[in-house]
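The data blocks that follow each hold one structure.
One chain, subunit A, links the two complexes that follow: it is found with subunit B in the first and with subunit C in the second.
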Partner chain A sequence: MQNSGINVIFNNIGILLDGLGNTLLIAVTSLFISFFTGFGFGLLRMSKNRIVKLLTYIYLEAFRIIPIMVWLFSFFFFIPRTLGIDISGEVAAIVVFTMWGTAEMGDIVRGALESLSKGQIESGLSIGLSKLQLFLYIQFPQAIKRIVPGAISLGTRMIKTTSLVVLIGVIDVIARGKQVIERTKEAFWIYGFLFLLFFLMCYPLSIMARKLERKWES
Partner chain B sequence: MDWSYLGRELPRYIEAGLVTLKIGFWGILAALITGLVCCFVLYYKIFILQKIVKVYVELSRNTPLLIQVFFLYFGLPQVGIKLSGTACAIIGLGFLGGSYMAEAFRGGLEAVGNSQIESGLSIGLDKRQMMQYVILPQAISISMPQVSANFIFLLKETSILSAIAIPELLNVTQSLIGLYYKTNESLLLLTVSYLIIILPLSIVLGYIERRLRHAEFGN
Partner chain C sequence: MKKTKKGYLIILAIMTLVIGLTGCGKKDGAVSGEGTKGKVERIKEAGVVKIGVFGDKPPFGYVAEDGSNVGYDVYLGRQIAKDLLGDESKVEFVLLEAANRIEYLKSKKVDIVLANFTVTEERKEQVNFAEPYMKVALGVVAPKDSSIASVEDLKGKTLIVNRGTTAELYFTENYPDIKLLAYDENTETFQALVDGRGDALAHDNTLLFAWSYENQGYKIVDGNIGSQDTIAPAVNKDDTDLLNWLNDEIKTLTAKGFFKEAYDAELKNHFSPDTNPGDVIFEK
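Up next, the complex of A and B:
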């Protein structure tokens, strides 16, 4: 039986990897967009305007309080019914993950910028740098050391969360796995393999984030 | 928007909310116990167990809950281990949350300054007294923000358990949409239910955090 289980994985590796491509496409696209929109959102959160502050706070908390699964599900059902546009599961997933990623990335950027010591900014201003110069030459180079490890961890979370898209009908790696199980009944091996697959994608990223964090700690 | 529908289905949402809370409670408890045990093993550097715990922490943190519960619910019966949906849900949450809790506790313990421990030793405290009066009170205070974030995280993760037919909020919403096609109404009830559960919890935890901060010394 053990042999047949492992064989099932080898025989269906093509179909599983095909699903994995879809999983990664969603995760990487969302992450890529979130990186830029999140940067903007982080700067917006630093704003001194009270209304902007409140709105950005509510936006972030909305994602901290309501589960991503619920967001995903709502978008998938709500948008087509209300706006009358038919969106695929993939698009719904990318939209929701990008919105969520923007909120989280924004928080990482804000945290990094706020962690810089006041002295840095005051020294910069005192030698006559403009706001833009201050940001480009003083704040950004220091903040990026805190942003990158956080962004990598967000990447692992994004990959893990992408597993949920199977529940709104996207043919991802888990959906492919289910198809194989329907044919072969080898649930133990297929789910074991999927477990390992996600681990192999996330573990190197986690290690990298940890190493960079330690290296750049000052 | 069909308001009478909201009133009619409200009891089902209350019931489902209670399931979410119940599963969440047991899952969080399982995670706390797992986390404490792992943290104990790591802190006292118990030889082989330490390695096992380290592997467990990495496995748990780098895999999605959905796969973990699918493995428990669909994979294990094939090798003769049949667990109920609820058991899978609680074990899954415990397995996932245990590593997050362990990291939070470890962070707290490690953050207690060496000078604290040396001061304790110099006034003649033994190991147990040191733990009880010097290390634990500070470690708990330091790790509390992380622990409460984990509470909220795990409670939100219960929504994933709809995939193994636990009748919690999302699962009930799915079946109601399938029955009546009242999509917007059902989604509204779902979102509000999560707000009602998680918002007060996050406020209470924030309050506890602020109260516990008084226990920090030496910074």
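Up next, the complex of A and C:
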């Protein structure tokens, strides 16, 4: 049979890669933007201002407590309907994943900055560094080592969570895989292939994290 | 010192906002001119009709190797485009899941849903259904060697269903002693039966005729449970002109014998040879 065994992957490679493209588009774009917005959010979270503190706390908890699925539905169906606009599934997904990434990344950044010893900051201030210089030369270089492991794990989590986007009409690699399975009934090979693809997307991130950590240790 | 810090934080806050907003900024333009124009007119102006179909439900709506949409629902979709816009290629198929069909219509992300949509009272409150183009009842399949011979044998056993479908509703209301195991997507539902996570599976009979034809080792326990339902195109509640157009269209197509033609083209090879087309489609 032409559509049996491992051939099912080769015969359908076109649509599977098309789905992979959508998965990567959402994961990579959202991760990239969240890295920067998350930094800003992390600094905001360290503010002494009560209102800023409260608002950033609510924002973070909102993404921790409310399932991503609910956010996706809200941004794809309910908000556009209320506002009378149309928004594509890809855009809605990137917006939601970026907002989520910003919240989580912000918490990682805050944790890293707060974990630095007070002595570092005091010594910096005592030699006359400005707040900005203190941040750029003392806090940031030390914090980044503590940020990377958390950021990498956020990245792999985000890549895996993209499988939810099928419910807002984005045809990602998992949705494509399901279409092929329904047509060919070759669940084993397709799921195996999806396993391999997700491994190939996530494992390099882990290697990179380990390498960076080792480099900074020496 | 304190003041500088505050200023610094404000700048950061603004930066975060700006970056955040540019991220959100790419809206795909507003839903085009509602106003007094009817839906049919607006579709004609757009030159393309957006039809929601399934991508993982052969033989009704599925995706070919080259990524094109195929199946019985798609066949009807192309005919609708031909009759509405004069060209069967002037259709944009949007892939839906069972759980989001109503939302797609209510938020006007598609014009028509042709995704094996069974007409129910609950759904009628949310969307408008046109004249039906298919019949359906519920069915139950079980492994050939299982002791289940009728729906009554299912009491105390586990039945696999799709969340949000007619099957789940029917068994929840009429057979509270049957344990239900619900999944969101067809792929998962049927895989669960193959993996033995339940004793039997309930779904639309048409889908089961096709599935048990392809999967040896399973038997139809009952092919006609519950009241016979119909499957019809669905539209947004606001689009009464499109609803009227579809009603005329389905009547004309039925009279012309179009659905027999569609059955022969898309369904015949997927069902057991002894299936009576009259159980599935409305013949003229």
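In this section, the second predicted complex is superposed on the first by the 204 of 218 C-alpha atoms of A that agree within 3 Å, B and C clash if a C-alpha of one lies under 4 Å from a C-alpha of the other, contacts with A are read in each partner's own complex, and residues count from 1 in each chain.
FYI, a contact is a pair of C-beta atoms (placed from the backbone, for glycine too) under 8 Å apart; a residue touches a chain by one contact, two chains touch by 3 or more.
Just so it is clear, the structure is predicted and the values come from calculations on it, not from any experiment.
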item	value
Subunit A as common anchor, with subunit B and subunit C clashing or fitting	clash
Which superposed partner A:188 touches (first subunit B, second subunit C, both, neither)	first
Partner chain(s) touched by A:69 [first = subunit B, second = subunit C, both, neither]	first
Touching partner for A:12 - first (subunit B), second (subunit C), both, neither	second
First (subunit B), second (subunit C), both or neither touched by A:77	both
Subunit B versus subunit C as contact partner of A:202, first or second or both or neither	first
Touched partner set for A:47, first subunit B, second subunit C, both or neither	second
Touched partner set for A:139, first subunit B, second subunit C, both or neither	neither
Chain touching more of subunit A, residue-wise (subunit B, subunit C)	C
Contacts of A:171 with subunit B and subunit C, given as first, second, both or neither	second
Contacts on subunit A seen with subunit B and repeated with subunit C across the two complexes	73, 77-78, 81, 166-167, 181, 185, 187
Subunit B residues within the subunit A interface of the complex	58-59, 61-64, 66-68, 70-71, 74-79, 152, 156-157, 159-160, 162-163, 170, 173-174, 177, 183-184, 187, 190-191, 194-195, 198-199, 202
Subunit B-facing residues of subunit A, complex	64-70, 73-74, 77-78, 81-82, 156, 160-161, 163-164, 166-167, 174, 181, 185-192, 194-195, 198-199, 202-203, 206
Subunit A contact footprint on subunit C (complex, rising order)	1, 4-6, 8-9, 12-13, 15-16, 19-20, 23-24, 26-31, 34, 55-58, 62-67, 94-97, 99-100, 103-104, 106-109, 185-187, 191, 214-215
Touch list for subunit A against partner subunit C, complex	11-12, 14-15, 18, 33, 36-37, 40-41, 43-44, 47, 49, 52, 73, 76-78, 80-81, 84-88, 91, 94-95, 98-99, 102, 130-132, 166-169, 171, 175-176, 178-183, 185, 187
